[in-house]
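Shared between the two complexes below is chain A, which has chain B as its partner in the first and chain C in the second.
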Partner chain A sequence: MTTLAKHTRSAPPQSEAPAPRGGHRRLGDLKIALLFIAPAMIGFVFFYVVPTIRGVYLSFTEYNILGDPEWIGMDNYTAIAKDPLFWNSLAVTGQYVFLNIVLQTALALGLALLMHQVAKSTLIRGALLLPYLMSNVIAALLWFWMLDYQIGVVNQFIEWAGLSRVAFFGSEEWAIPTQAVINTWRHMGYTALLIFAGLQAIPGHVYEVAKLDGASPFQTFRKITIPLLRPVLVLVLVVTVIGSFQVFDTVAVTTQGGPVNATRVIQYYIYQRAFTESDFGYGSAIAVILFLILALVAFIQMKFLKGNESDLD
Partner chain B sequence: MKKTLGAVAVATAVALSLSACGGSSSSAESAKGEISYWLWDANQLPAYQQCADDFTKANPDITVKITQRGWDDYWSTLTNGFVGGTAPDVFTNHLGRYGELAENNQLLAIDDAVEKDNVDLSAYNEGLAELWVGQDGKRYGLPKDWDTIGLFYNKAMLASAGVTEDQMKDLTWNPEDGGSYEKVIAHLTVDKNGKRGDEAGFDKNNVAVYGLGLNGGGDSSGQTEWSYLTNTTGWSHTDKNPWGTQYNYDDPKFQESMEWFAGLANKGYMPKLETTVGASMADTFAAGKSAINAHGSWMTGQYTGYQGIEVGIAPTPVGPEGERASMFNGLADSIWAGTKKKDASIKWVEYLASADCQDVVASKAVVFPALKSSSDKAAEAFKAKGVDVTAFTEHVKNKTTFLYPITDNTAKVKGIMEPAMDAVVSGKAPASSLTQANEQVNALFK
Partner chain C sequence: MTTTTSRAPLPAPTRRRRPFNPRRAGAWALLVLAIAVSVLPFLWVLRTALSTNAALASNSASLLPAEFTFGAFMRVFGLQSPADAVAEGGSGAAIDFWLYLRNSIVFSSITTAGAVFFSSMAAYAFARLRWRGRNAVFSLFLGTMLVPPIFTALPNFLLIKNLDLLNTMLGMVLPYVFMTPFAIFFLRQFFLNMSREVEEAAMLDGAKHLRIFFQIVLPNAAAPIATLALLTFIGQWNEYFWPLLVGSQDDVRVLQVGLGVFKSQSPQGAPDWSGLMAATLVSALPVLILFAAFGKKIVNSIGFSGIK
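The block that comes next holds the complex of A and B.
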């Protein structure tokens, strides 16, 4: 993150400066550059570009994978516009993203500040990352059992406390918040680490000056830390929003879209249409829509939160 | 596009090699070597491994490699295999799936072989062999086993409630008041204070033991959840079976039955649907949280295997038309159309469907094999283990079974009906809401 922040800082002069030397040397660089880029480029082309183009093509077809795709134009898209389950999946996903992002960002920021100012021990800082080292599926199953209505340990404690048991995964009201909290728990250490790196990139002298001017800790936080942290925060937001829009594994191993449609998030719905119901054209069309939504969200975030500019210059 | 061309090339190659099968040289090639076989039930793996060993003993130039994959990813892995050319030569097939596979030309029709090798189709339990004849009139599998539904009950709980096992055998049910079935369920339900479900002062919000366990909403088939009740009223899932094109979830008779079923949870006699997400119904039964569980015969081993619980099995209740009803589901072994070992695969499928193998399966007392003679042997094997399975075999003997609904679009029907049924069983929507879901389902067939 430090390198990234520095890089952004030096970026504008570089792009504004005219090319200092002739094209000759640049071409020489190009060959070597291509060589270095090649491994990433090949992976990118074969595992991202080609499947994406094929996905877009399939979204205009009716395709059950065993036969041949049949071109049907916009039919999938018009059907999706009228599909209540698609709109439901958008609403459910939106609810999940909102809960997940608010909780995760707030908690991660708090943790990062603690790491920066209080917990200097590597052991404690490392421990914050522990949930992130667990695979998503394992984390989901672990909580699935601990929160089970009948035999889960959490409900046993709730009952001992004199309250009535909660169907964390089974009730429509709880299913999405439960999964949002589980994934917050798993990811906040990692997010905190990203923010922590951003905090370290803020030069110490600005804080010293603020202190000399008699700023209170809260003022320092609001007027110095947050603005200077903004590029990192925006990056974190873009990455986590995209990540949480794509929630799938937690749902797939626990509620599988239920109860009723309460957790039928968009990725799960795509999977259901494509892989369970063998309607790959329809699934691809929803995937294309999700792609457009995510591109738009990322663009808005970058544009309005000015993620590619820093106030340090 | 490239992929399409590749697929065409593969298809052409397969067609060529299939047509070449008549030739003696390639026929010899396809009759020996290693063939792969998939199944999903781990409980049955030992029995089929023994079948495979016996088979190789009798046919030394063919070996069988068995792979067991869990139900959850069995079908998607299989589909990937069809596309990628790595599907098994022979695999266990399900009634709910084979229609789509046959329609997409993934299954090998075995009519000629069955005729040539004189496979006696009448030796199977009635109706099982016909299930595997597709809409095009061709046969796509030979039956391997069957299952029906019964009521597993906790003997100790019945004894303390004063319900006799004979009573359990004569239960009646109707959608208006639930008959003696509901009375027994109510009586077996006990709240935290020890009050029974049919006593005054019963606290339906703090139930310790439910009279009836709940597996889930039952989606489109309700195989173990509600079909053993709804289909005693004269209702059936589709206009005809197999290959119906019209589902009947809008029938008032059906909706009345579902209303009664959902009402059980509301009365506190059955767990709420939301509490069943997670631990399996059989495990919660073992933990003493329910007294009766309606479940399939394939679960017998698991229910009778729990330590410290005496389990009995009663037949499903008699309905308003004076008969019991149970869904009758059967599996079969099918051959992938793309197999390179066609002759060896046919030999293996015929062996799996023969008494030699089905008697081995019977002796393990896990499922009921499709052959009548082997079914009887399985019942004896269960008896030797101290388990009385007449509750399951009775349905077949008295012809009170109905078939698993076989139609096209089964995966899509399930996709629509799963949330719709969940909403009804959880009490969030009235049973009349199924009419709208039914319209969506029937639109798939237009």
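The block that comes next holds the complex of A and C.
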């Protein structure tokens, strides 16, 4: 909003036109603007707008790539409503998202507080950020090896501790928590840096006043740190939720939906329906549902963030 | 675990006092633990990549390589004869990471160069030019950040297929090369905060927008553009889903997809762990090098890119 005012203030459209200080809208720069925006516009139209519309259209059709899409109305959606595999994928993904929220937010918050407390060096932040820069595929394979049932180092330690080996990827109850832990490992440092940036923005005098008033550390944390961090925490939460709803890579290279249906997450199910079973209409319909879920999350974010946005400026 | 313990030493401003403080020591210990969890797995990967498969099984928890060898790296780059590869626990199937490495570099470089350049042009139009509908169009561009990639991936796949561009580099780069919404957002924000004085002076001298953009704006924005290019490149390097859909054949396959294929080639009974970890390391190496060279830039950008 503030940026809008900034624009209208300056930048005379043409050299001979006396700069309209009040901000009269003119078509002045339209031609040159079209030139500047043309390449981005091509990408925007052909790879974002058209596919979005086409994706919604496909969801109402039956289409197996070879022929033409055939309009079948709501049939895909009614079939999805009765599809146990879809509901399973929703449940599995929900479990994954929930675990990520809890693990990631808790660990990242703790880490951010630690960094804020004892070490602010770039080197330490860099070390914590390292996993985030690796691809999902790399993170997945690295842990696939370390958590191997037979000779993985983690199971080696578990055995030394006197416990019995865990089939991290091979058992139905462990598969999703394992995927969630891999994702948490990859994102923990990144999320901690976001929260850390939020902590840095809280002015020190707020803490000093609290101290003078005799607030205990726990009180300070609950009554000052958390409320002032709220915008950052909400942002982190939304990024985590939207990101983890779209889990695919780690599943695709390790468990591929299994064992049984334990890790058949939504995006993997879409992939299977569309590309393995050539059922593009059905896959698109599930994608529409995923889109709606994410839009709902984003909408809730807007509502949450609205009041806080002004704090940052 | 960590949160409950970290809550205790909260009231931050305890400066200057340096005598031994158990709270600080505890905090440091936890921090070191977190760093170890983040970094040690990479050393473990390196150690595995330098071992032979046979030795790994019997010696699975020592920090040093088990039977030191470069065999796994040679296998990954197709330098080992099939017989040797099988003897060391490989699958013996032809695998050529040079090719995948080249494809990854081409794919990431083209998409990064295109997206950053075209996005900076668009960002200039959104930040500096005045035209009707500008803010509405900008909002639409931003809105695309909300569309999940999987949603557009299906129709985009069909488009690339209809254009007969499956398994071509062109087909792989097309959806990314024109812009990314984040790049436009990032650069527009920067242009808005840039001083206009030089540009306005140039304008009075009769310079046209194209010249101002190329000779004043781009050079002045070199630092954020470099940061953006770095982040975009790493993101593209790590891309998996789209290259998996469109570039499944060997001659355009990128490293991430190649890794997945390599993993699934491993004979089910005894996976070629050292080969797989060598391949993983090769795939991670370019990013590790970039991080070693420009780590500070990347780390300092996080506060901003978090808005993504």
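Everything that follows uses one rule, which is that the second predicted complex is superposed on the first by the 256 of 313 C-alpha atoms of A that agree within 3 Å, B and C clash if a C-alpha of one lies under 4 Å from a C-alpha of the other, contacts with A are read in each partner's own complex, and residues count from 1 in each chain.
Definition applied: contacts are C-beta pairs under 8 Å (C-beta built on N, C-alpha and C of every residue); 3 or more make two chains touch, one makes a residue touch a chain.
Keep in mind the model is a prediction, meaning the values are calculated, not measured.
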item: Which superposed partner A:D68 touches (first chain B, second chain C, both, neither); value: first
item: Which of chain B and chain C A:S278 touches, first, second, both or neither; value: first
item: Touched partner set for A:N261, first chain B, second chain C, both or neither; value: first
item: Which superposed partner A:Q246 touches (first chain B, second chain C, both, neither); value: second
item: Partner chain in contact with A:A167 - chain B first, chain C second, else both or neither; value: first
item: Chain B versus chain C, judged by how many residues of chain A each one touches; value: C
item: Which of chain B and chain C A:L142 touches, first, second, both or neither; value: second
item: Partner chain in contact with A:K223 - chain B first, chain C second, else both or neither; value: neither
item: Which superposed partner A:I151 touches (first chain B, second chain C, both, neither); value: both
item: Chain B versus chain C as contact partner of A:K303, first or second or both or neither; value: neither
item: Common interface residues of chain A - those touching chain B in one complex and chain C in the other; value: 54, 65, 144-145, 148, 150-152, 275
item: Partner chain A, residues of chain C touching it in the complex; value: 2-3, 5-13, 24, 27-28, 30-31, 34-35, 37-39, 41-42, 44-45, 48, 56-57, 60-61, 114, 118-119, 121-122, 124-132, 134-135, 137, 140-141, 144, 146-152, 154-156, 158-159, 161, 174-179, 181, 184, 192, 196, 200, 203-204, 206, 208-210, 213, 234, 237-241, 244-245, 256, 259-260, 263, 273, 276-277, 280, 283-284, 287, 291, 295-296, 298-300, 302-303, 306-308
item: Parts of chain A lying in touch with chain C, wherever the complex brings them together; value: 3-4, 6-8, 10-13, 15, 25-30, 32-33, 35-37, 39-44, 46-52, 54-55, 58, 65, 106-107, 109-111, 113-119, 122, 124-131, 133-138, 141-146, 148, 150-153, 156-157, 185, 188-190, 193-194, 197, 204, 207-208, 210-211, 217-218, 220-221, 225, 235-236, 239, 242, 245-246, 248-249, 252-253, 267, 270-271, 274-275, 280, 283-284, 287-288, 290-291, 294-295, 298
item: Interfacial residue positions of chain B with respect to chain A in the complex; value: 3-4, 7, 76, 79, 82-83, 100-101, 104-106, 205, 272-279, 283-284, 287, 289, 411-412, 415, 418-419, 422-423, 426, 428
item: Sites on chain A touched by chain B in the complex; value: 54, 64-69, 144-145, 147-152, 164-165, 167, 169-172, 254-255, 257-261, 264, 272-273, 275-279
